[in-house]
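Across the two complexes that follow, chain A remains constant while its partner is chain B and subsequently chain C.
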Partner chain A sequence: MSAAMQQATVPAGRARPGKTWSAQLSRRTAVLMVAPLVLAVLLLVVYPIFKLLYDSLTQGDGPGNYVEAVSSKAIRRAFVLTLLNSAAVTVLSLGLGAVLAWTLRLARRRLVTALVWAVVLLPFWMGVVVKNYAFALLLARDGLVNTALRALGIVDEPVQLLYTPWAVIAGMTYTMIPYAVLALYPSMSAVDLELLNASQGLGASRSRAFRSVLLPLVLPGVIAATAIVFAISIGFYVTPVLLGGAQTPFIATVVGDDIFTFFNYPRAAAASVLLLAIALAAIGTAAKAVGFKSLRGGLG
Partner chain B sequence: MTTRSGKVGDRLFSLAGRVGAVVAFTFMAAPALFIVVLSFSNDKFIGFPPKTWGLDRYTSVFTSGTWLDPISLSLQVAALAALLALVLVVPAVLGMKRGMLPGAGLIEATAIAPMLFPIAAYAVAMYAVFAEAGLIGTFHGIVLSHAIHAVPLVVIVLSTALDRVRPELELAAMTMGASRARAWVGITLRLLTPAVLGGATLAFVSSFDEAVFITFLGGPGLVTLPKMIFDSVQYGVDPSITAIATILMVVTAGLMLGATQLRKDVR
Partner chain C sequence: MKNNMSARRRAGAGLAAAAAAAVLLLTAACGGKTSAGAGSGSSKSEDKGPLVVASWGSTTTESMRKYLAEPFTKETGIEIKIVDAPGKYAAGVQSQSRAGKIQWDILDAASAPDAYALHAQGLLEPLPADLKQKLSKILVDGAVKDFGYSYSALGYIVGCQEQRVASCPDAQQYFDAKAYPGRRQMIATSPMVNLSLAELANGVAPKDLGTHEINMDRAFAKLKELKPDVKVWWQSSDQSQQTIRNGEVDLGILYSGRIYLLKEQGTPVKPVWKGGLYNPGYMAVVKGSQHKDAAFRFLQWIAEHPEAQAGWASGTRNSVPNPKSFDTMTPQLRESLADWPANREVLANINYDWYVKNLDEVNRRWQEFLRG
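So, the complex of A and B:
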């Protein structure tokens, strides 16, 4: 006979006399269980961010680090490039991601659903470096895209695609589409298709049904996805280095060079704080608009 | 008249949607297929379509020696990072969900936050802390950084899963005489096992794939597989990367599908 059976025969009242039954932990046990994670998060998430902020204001030229970072032509250019490219990536990822998420919503056949989910998750499966490697091969001077463009007679000479902002945008969009789909899908799958049928039955055109019925319903998902995709995009390091090269310096590339080539950590810290502030502003705005819950739901 | 132009508009609208879906599908599928096709080529240089077919790229991965050390380092780091992330997160999530701690929401939010940090800025912050603590270029440092990088994923998976395990089940076991520890091990943890394994898999994959922290924190000595691929893509292309990439894709897909399946079992 197992110990569990024997224990189960002991009357409850004798096992724990005088106790009220509750699934709740005593506060002391709960604190002990949470403590290791809290310690790790304090040391490796909170402390690094505060140290970054503190260092950027006290090391080197103090607050002048920010002046230096903003007045440096290279960094200013990198910031503009980073923000513009990330905005383009956000628009493209949301556009293509929305089409894919809606396809998933409408698909009836299991094969279609499985195939679309598979291509949506492919970038996760490929891994960060491999994706960029694939794009580097596709966009090279003698790569498949150039070969196709020449075969179709669109261009006569191979065009420079790699090491341009376009290559970076393509590679980053590929990476961010899964995030966009995962953030959009919950709100799309909650849409009642009858509402769309009803609006069209009442005489609305498809585009009118899209604008006036579908869009308002999925708007929280769209806002959450926009913030998530943009905040992650502005920190990209691997893609700008591999596909953008020296001609397309992202803020991440510049910051890396500041640390490892110019040994100018204070300026790198200032630029990093600015980058974090922009991401927080994007996330904060979205959280205010749709609530923390939608944002958290958008992460999976 | 209005209905006819309306119908034309409708057709155009759904046509645009279909074209968009095909474009998006192709855009997502093409790079992966391209790499897989190239990996089965025996040509000396990479070219599409391949002129000769074969498994040379695969054999050279395992015979050339360049790739085995990075692969073994990546496996070790990923296994330890996943384990550490679990040790930190599993008790914490139980404590937060069953303990009614004030501030539990704040703790969870702070633990998830790094997922939304621009990774480059976070890497600079970690670089400063690691330099201060003498952890740059150390094995333990990399494990630590990968573990904290994986924590958000594990927190999300486990806290979603635990929300579905009803505390009444533990209560029922306890009223029948089981101690709290026994109720947890026998009921809650058993029900959570799929989520724990799923979270561990995601943590493992995220560490195995990590390329930014290792660049900032790894120093010159520690070369994980992503770092090795990163460097060789930057400084000249070794065609056997296509074979490694294909193997990685298949293994990662298998692991992640397994993890998703495990997560579904809890529901």
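So, the complex of A and C:
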């Protein structure tokens, strides 16, 4: 009550000295403010990762865990499937994501941009089970896709779509498109269209303008998006299980088997570390190519 | 310091136990009416529990509460607490035993591989000899083991979508994809079921399967032959229903209860019991239970109350071991249960003793087969 009265007595538009708003924080305040976050990262990210690394080298057969993991046919096949499918997902989501991001750059009408943003962000906000279940319904033998294919006379017998790598790629691409768009959009929205017009005015063909002007401008965004989409893709668990079935294992699936079914924790740790190393290598390569700044920009 | 403290605490606990034992001895000596033998009525009623029962959740937990636990508490005054721990029995008992703090007294229908493995590790209380003898007389043949008795049995049997499968094979003919064409499904998470079925198809007599040592090379070869026709390896019983319903597969090896559930929900599925496998669950008491006698008393009570079992079966659709319980069931219900004589006599037993001994090897080769 008294505080409110006091506030009211302060003349409008005149701040009291020493209480100005400033972009500069004192060192002490800054350290204090990031401390909880640093603590959380140390506790929830750094510690578990080091523990994982340590366990993978000391439990079970020690370094032999890695030999065991790599010599297992199931794990090798899971690695191959994980990497190939993730590469396919990366290419598809980047291709489709680029079209969407460029549309967002060019579209003038609010309705169009709003619609495209909605299409991009809706799957982003949907629960993972809902998304995958929708795909399971669409791709089932008596699902919409098979019904349409048969009605159009493209196939006579329903084809198996569900529980194949193709179903996994479709479901994952749908999930990853928003990431691709969000990573591509910053670099695309920064492109000055006059540059393209100027190059064509100077005699470049449309494809030359694309190659020599647009592509170099958006390349950092493309590399960032590739790394991000690929690194997230190789860690997928739910989609391969639900849409790929037992026959299309991802590394995460096999790690899950080892932990929950076979209680082979050391081998699970070794396989996880290998997967993590691949993800880090992808991000690291991209960072080296375009700098962490573009990567960060890509992540929003 | 920490060690010191726990040592002291242990010493304290030892003293307390000694004191308790002394008091018990005194009361026994003075009262003089304590009788030996489990479950001999009111004289054992000092231990009021609460008994902690680990159960499977959903309908199993509800039925355990409604048909077994509540009537038992009403009759004996022994309280029962049910905790849901689906699929976590073995891991739970192992970690409780390691921690030296047993929290569960009873496992409600532990899966056979879990029960055999825990028994082999010495983590289950053996049935007292007199109780074992009593139970053997009232339950179906083969139900009573050293560590408990079969409860909540199911069959792994063939189910065919009748509109899509002209003639439905039995479980051995199931491996002949030429004579019995159709898209198949089998369980992904239980290697022993698939290996056992393969061995039957390889010519092992059903009556010998329970003691037969699986020839893994031969069994995996048989499964490999069939693999192109197995379109789905199901990972949950809900999935096995869904794939039949949405036409992903035409026939498969399913839990018997799920086939009848599909039928009730309007999918035309035909169950074929012949050549299938008997899949028991086990009621067992956890080693180190603080309420061991009361726990065995509950197990005995369940075994001796066929009408309670019939109620439980109507709630869960799984089978019960007291043959008298069939008398109070509807014909539809009892004919869908694995212990119903017409079904039981065509089901083969799985050699779980062998599985427990070869667990790592079987699981490893299974993963290579399925994922590789």
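The definition used in the following text is that the second predicted complex is superposed on the first by the 265 of 300 C-alpha atoms of A that agree within 3 Å, B and C clash if a C-alpha of one lies under 4 Å from a C-alpha of the other, contacts with A are read in each partner's own complex, and residues count from 1 in each chain.
One rule holds in what follows: a contact is a pair of C-beta atoms (placed from the backbone, for glycine too) under 8 Å apart; a residue touches a chain by one contact, two chains touch by 3 or more.
The structure displayed is predicted, hence computed values, not measured ones.
A.B. asks: First (chain B), second (chain C), both or neither: which does A:Val116 touch?
C.D. replies: So A:Val116 only meets chain B here.
A.B. asks: Going by the contact rule set out at the top, does A:Ala107 touch chain B (first), chain C (second), both, or neither?
C.D. replies: In the superposed model, A:Ala107 contacts neither chain B nor chain C.
A.B. asks: Tell me which partner touches more residues of chain A in the superposed arrangement, chain B or chain C.
C.D. replies: Partner with more touched residues of chain A: B.
A.B. asks: Contacts for A:Arg141 in the overlay, against chain B (first) and chain C (second): which applies, first, second, both or neither?
C.D. replies: Touch status of A:Arg141: second partner only.
A.B. asks: Touching A:Ala289, do we find chain B (first), chain C (second), both, or neither?
C.D. replies: The answer is neither, since A:Ala289 touches no partner chain.
A.B. asks: Have a look at where A:Val241 lands relative to chain B and chain C in the superposition and call it first, second, both or neither.
C.D. replies: both
A.B. asks: For A:Leu149, using the defined touch cut-off, is the partner it touches chain B, chain C, both, or neither? Pick first, second, both or neither.
C.D. replies: neither
A.B. asks: What is the shared patch of chain A, the residues that chain B and chain C both contact?
C.D. replies: Overlap of chain B and chain C footprints on chain A: residues 137, 142-143, 241.
A.B. asks: Chain A touches which residues of chain C in the complex?
C.D. replies: Its residues touching chain A are 91, 188-189, 231-235, 246-248, 360, 363-364, 367-368, 370-372.
A.B. asks: Going by the contact rule at the top, pick out the chain A residues touching chain B in the complex.
C.D. replies: 4, 7-12, 15, 21-25, 27, 29-34, 36-38, 40-41, 44-49, 51-52, 55, 95-97, 99-100, 102-103, 116, 119-138, 142-144, 147, 174, 177, 205-207, 210, 228, 231-232, 234-238, 241-242, 250-252, 255-256, 259, 265, 268-269, 272-273, 275-276, 278-279, 283, 292, 296, 299-300
A.B. asks: What does chain B use to touch chain A in their complex?
C.D. replies: Result: residues 6, 9-10, 13-14, 17, 20-21, 23-25, 27-32, 34-35, 38, 46-48, 87-89, 91-92, 94-96, 98-101, 104, 107, 109-129, 132, 144-145, 147-148, 151-152, 156, 167-168, 170-171, 174-178, 180, 182, 186, 208-212, 215-216, 226, 229-230, 233-234, 237, 241, 244-245, 248-249, 252-253, 256 of chain B touch chain A.
A.B. asks: Can you check the complex and tell me which residues of chain A touch chain C?
C.D. replies: Going through chain A, the ones touching chain C are 72-74, 77-78, 137, 140-143, 158, 160, 162-163, 241, 245-247, 249, 253-254, 257, 261-263.
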